[in-house]
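What follows is a set of structures for review.
Note that chain A is present in both complexes that follow, paired respectively with chain B and with chain C.
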Partner chain A sequence: MSPVDLRVTGGRAYVEVDSFAPLTSHDPAFADDLAAAVIEASDHDHVKAIVLRATGPDFAPAVPTGFPSAAEAPTTWHQAFAASTAVYQATCFAKKVVVAEVHGACHGAGSALLLCTDLAVASEDAEFGSPFLDVPESNFVLAALTIRLNRAKSWLLRGTTYDAATAGRIGLVNRVVPAPQLQTEVERMTAAVLGMPLDGVTMSKMLQQAVYDAHGVGREFDLADHYAIHRTAVGSGHTEQDA
Partner chain B sequence: MRYGTPESIAAAAGQVLYEVDAASGIAYLTLNRPEKHNAMSVPMRDRIIDLMAQAGGDPQVRVVVIRGNGKSFCSGNEINEQWGQKRPHERRRTLTVGYRYGADMAWGRLGFSQAISRSPKVTVAQLHGYCAAAAYFMIACKVDVVTAAEDTRIGALEARFLGPAGAVASVHINRILGMKAARRTGFTAMPLSGTEAHRLGLVDTVAPAAGLAETTHAIAADLAARPPGHLLYLKSRLRAAEGAMDTSVPSITGLLVSHFLQPGPDEMDFWKTAKEVGVGGALDADKKRKGAADPRAGVKA
Partner chain C sequence: MSEGTVELSKDHESHIATVTIRRSPAGNLMTRAMASQFAAHLANVDEDDDVKVVLIRGEGDDLCAGWDPADAWSQYVEAPGGAVRKHPSQRARLIALDDAWWGSSGLYQRLLHCRKVTIVEARGRCWDTGLYLVLCADLVVAGEDATFGSPRWHNVGVDGDMSLLFATVGLKRAKELMYCNVAWSAPTALDYGLVDRVDEAAPRGASELAATCASIMRDGIVTEKYAVFASLEKLGIGLSFAATTVVGASLSNIHFQPDEFNFLRQVRGEGPEGALGRSRKDLEIR
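Our next item is the complex of A and B:
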């Protein structure tokens, strides 16, 4: 059974996993399934909003990157890396509105994925770690566009973990609500999306891609390989604690 | 070639101080011209370039903190000095001279801002008092992390007399502040307080003036304690991403050049005449100027 579940209900698609941590671990099977779910939801004729949801206690707990070594496996390394890269690009360039529903810890790939979504709702217990050290695919340009350049620089260099209130203040998420209200708030926000004309949503997403490209989002995705190779050259390839 | 008078070149060593705290891995680059609010002469900028290169090649240094002695962090560039223009002590009047200035600041002859923005070490600016003009858009908006006293006055204060282009149209400043705030700094020259700059995102951490040095040191020490390979990697990522999003140095060169264009006496006369006799009359008068092109040539009335 796939660890990625896709449900479609009344214009909403729910992509549910226990947590998104396997994406941080660079588990290629998980990444392939997740990318396929996002693409299938995006292609669905009746879907306007895609909700990324973790059913476990955390959206994406901190885990070792498990990043494959380019030196040890030059061919399979690239395949494993391409799988995770596909998830971020499928999310960022989805034809429908992608909403992150975040509770608990959001580290590594969780934060990288969050940056690729259109809307985000977080519970008050959420915390957001910097993805840039352990996830080479994380897109700094999206971070700079989302929370402004200097905050993104600080997040990258200081490795700050933002609490939910700070994430709301700086614009990393749209709404912060008490944990019991999280799903209700996501339903409310996606209901507003469902009120939009389907072609209008899709056309806007297409235009948004042009804006992204003009700002360098696509070029930054293209640099992910370069970052990954550099990361293994200067660091351990694992989390900072293990370096 | 290095510009400056023998006196200004000799003074620079005492006007930009440098010390390395090997235990913490922090290099302090301190502007020390308090009688001029640390206005930077060309020799001072040359020395900053040299010191940034020295820090960049020093394995003991992981973080460079730029700060100022006296009442202010820095009031910008010294504008009354000899720096290569044909008429010493005059302000910039031509595109050629303006371009020389822009190239000096941005990427060409000396590459002042490159020395900061492309340092392989993490850079921190500690702001207090005034942080104006070049100190604002070439240091505060180019370092990695900014700390500031609550009552710091930050902004493009030079826009009042040199024009707003650099502050309004520089890509990196719009990305840092947001477009409305960037336009406000350029079109009004009104400064941001440290607190406001923190709210807008320019300043990472704001502190009371009395505790600023301690706060900055703590942040720099935390950064310096990260594994050096990680810092090298993260800085490299940052540089590449800034290239992808056009917030790197070359993208602002043209703006700097326009920023420092000044109307020459003839242009000033043109507008003065236009006020008196209208644009048509001013164009006719302008044709009498030696070597002037006739913008209406070939256009039928």
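Our next item is the complex of A and C:
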């Protein structure tokens, strides 16, 4: 059975995994399956909203990361994590509204993925680690646009972990609710999306892409390979000069 | 619905010009003709060296409850190439949206690039066009009853600029407004940075702020405004406005699925007031 499950019902697509942590450890098979599920949901003619859901105890617990070699970064690693068809850009540029349903720990790639979604609902127990420490494909432009430049810089440089209330206050997530109400709130939020015409959803997302391009979101994704190569050097203990 | 006007008054002694939207029986719903008047007034004050501040307000309870849907179609028909066939041509739709709203002489560009300090007194409904008056102005004083949103997006998709909205309130909050059929209360708008202050007496608060800004030397105001214009270019606002024109024209051709609320058919069948009422009944104020 695939670790990524896609289910479509009543205009919503649910992409369910145990957790999104395998993205942090740079598991290419998981990344490919997840990207394929998001693209399939995005292309589905009856889907207006895509929900990213973890069925395990955490959205994305902290796990050891795996950096690619300098040779792999622009090739196999790029294809799985940084290409335009890879999971982050597939999510960011989906033609439907993507909603993250976050509970428990959200670290590394979980936060990188969160930045690529349109909307997010978090349970009160959620916490959000910086994606920039372990995930070179994280998009800093999205972070700056979402929580504003000063906070994004702090997240990048200090590795701050935000609790759910803070994440709500700074705009990293839209709503924070008690854990038992998490799925209900996501259903409520996506019900509003389902009330829009399908053409309206799709064309709105196309306009959103154009605006993202104007803000440099795509160019930041293009730099992921370079960040990965730098991270490989730093992560393996090389001095700046050696790198 | 009543015809509306947009009036300009200037007080050279205080250096404050006031632009008042007058269509209160209809919540100050904006038409293309009113937008053209508004833009002409902004061009007028831009040329008047004795004006330092433009105060924007609405007559009655609302700043502006939206874009009049009855006018939305006629503006395409009346644009060059709009009446050639049964349905307005695509070029007519593009020209209409550009000329009245998003282009260099349109209302939003005029307001965004006004060389004076622009202040909005935001009361009641600040929806659709009202939201963009708030986004394009320099400063906003909101009344406690003010609400901010664009409910038309729920009916036809997002046909307004996103770039200013993203820059002002952040991505995820902007998308809540875009996709979740919500409008924000004044305290929420203050919390998100959409307005500068909430005042139980917004007219007084806005007037006091206007007087403060009018005490600034002219060169200082214009210098700061040109710094803002440079930042707007760096933010890609012009590109975004152009993209908005293209997508807005596309959205005027929208097809509805059989189970979807067909706002355009409702406008034709029930008239604009009935269609607006029905389309906005589920709007959530947060």
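Heads up, the rule we're going with is that the second predicted complex is superposed on the first by the 220 of 243 C-alpha atoms of A that agree within 3 Å, B and C clash if a C-alpha of one lies under 4 Å from a C-alpha of the other, contacts with A are read in each partner's own complex, and residues count from 1 in each chain.
The definition used in the following text is that a residue touches a chain if its C-beta (ideal position, glycine included) is under 8 Å from a C-beta of that chain, and two chains touch if they have at least 3 such contacts.
Everything numeric in this text was worked out from a predicted model, so none of it was measured.
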So in the superposed three-chain picture, is A:Pro57 touching just chain B, just chain C, both, or none of them (first/second/both/neither)? neither
Could you tell me if A:Met189 is touching chain B, chain C, both of them or neither one (first, second, both, neither)? second
Figure out whether A:Arg148 sits in contact with chain B (first) or chain C (second), or with both, or with neither. both
Just chain B (first), just chain C (second), both, or neither: which does A:Pro178 touch? neither
Does chain B (first) or chain C (second) touch A:Val201, or do both, or does neither? second
Examine A:Leu157 and indicate which partner it touches, taking first as chain B and second as chain C; both and neither are also allowed. first
Tell me which partner A:Gly10 touches in the superposition: chain B (first), chain C (second), both or neither. neither
Answer with first, second, both or neither: which of chain B and chain C does A:Leu133 touch in the superposed model? first
In the superposed arrangement, which partner chain does A:His215 touch: chain B (first), chain C (second), both, or neither? both
Going by the contact definition given at the top, which residues of chain A touch chain B in one complex and chain C in the other? 145, 147-148, 215
Touch list for chain B against partner chain A, complex: 122, 144-146, 172, 175-178, 200-204, 219, 222-223, 226-227, 229-238, 240-241, 244-247
Spell out the part of chain A that touches chain B in their complex, as residue ranges. 132-133, 140-141, 144-145, 147-151, 153-154, 156-159, 170, 215-216, 219-220, 223, 226-227, 230-231, 234-236, 240, 243
Listed in rising order, chain A residues that touch chain C in their complex are 97, 118-120, 142, 145-148, 171-174, 189, 192-193, 195-201, 203-204, 206-208, 210-211, 214-215
Note which residues of chain C are touching chain A in the complex, please. 153-158, 162-163, 166-167, 169-173, 175-176, 178-182, 192, 235-236, 239-240, 243-244, 247, 250-251, 254-257, 260-261, 282, 284
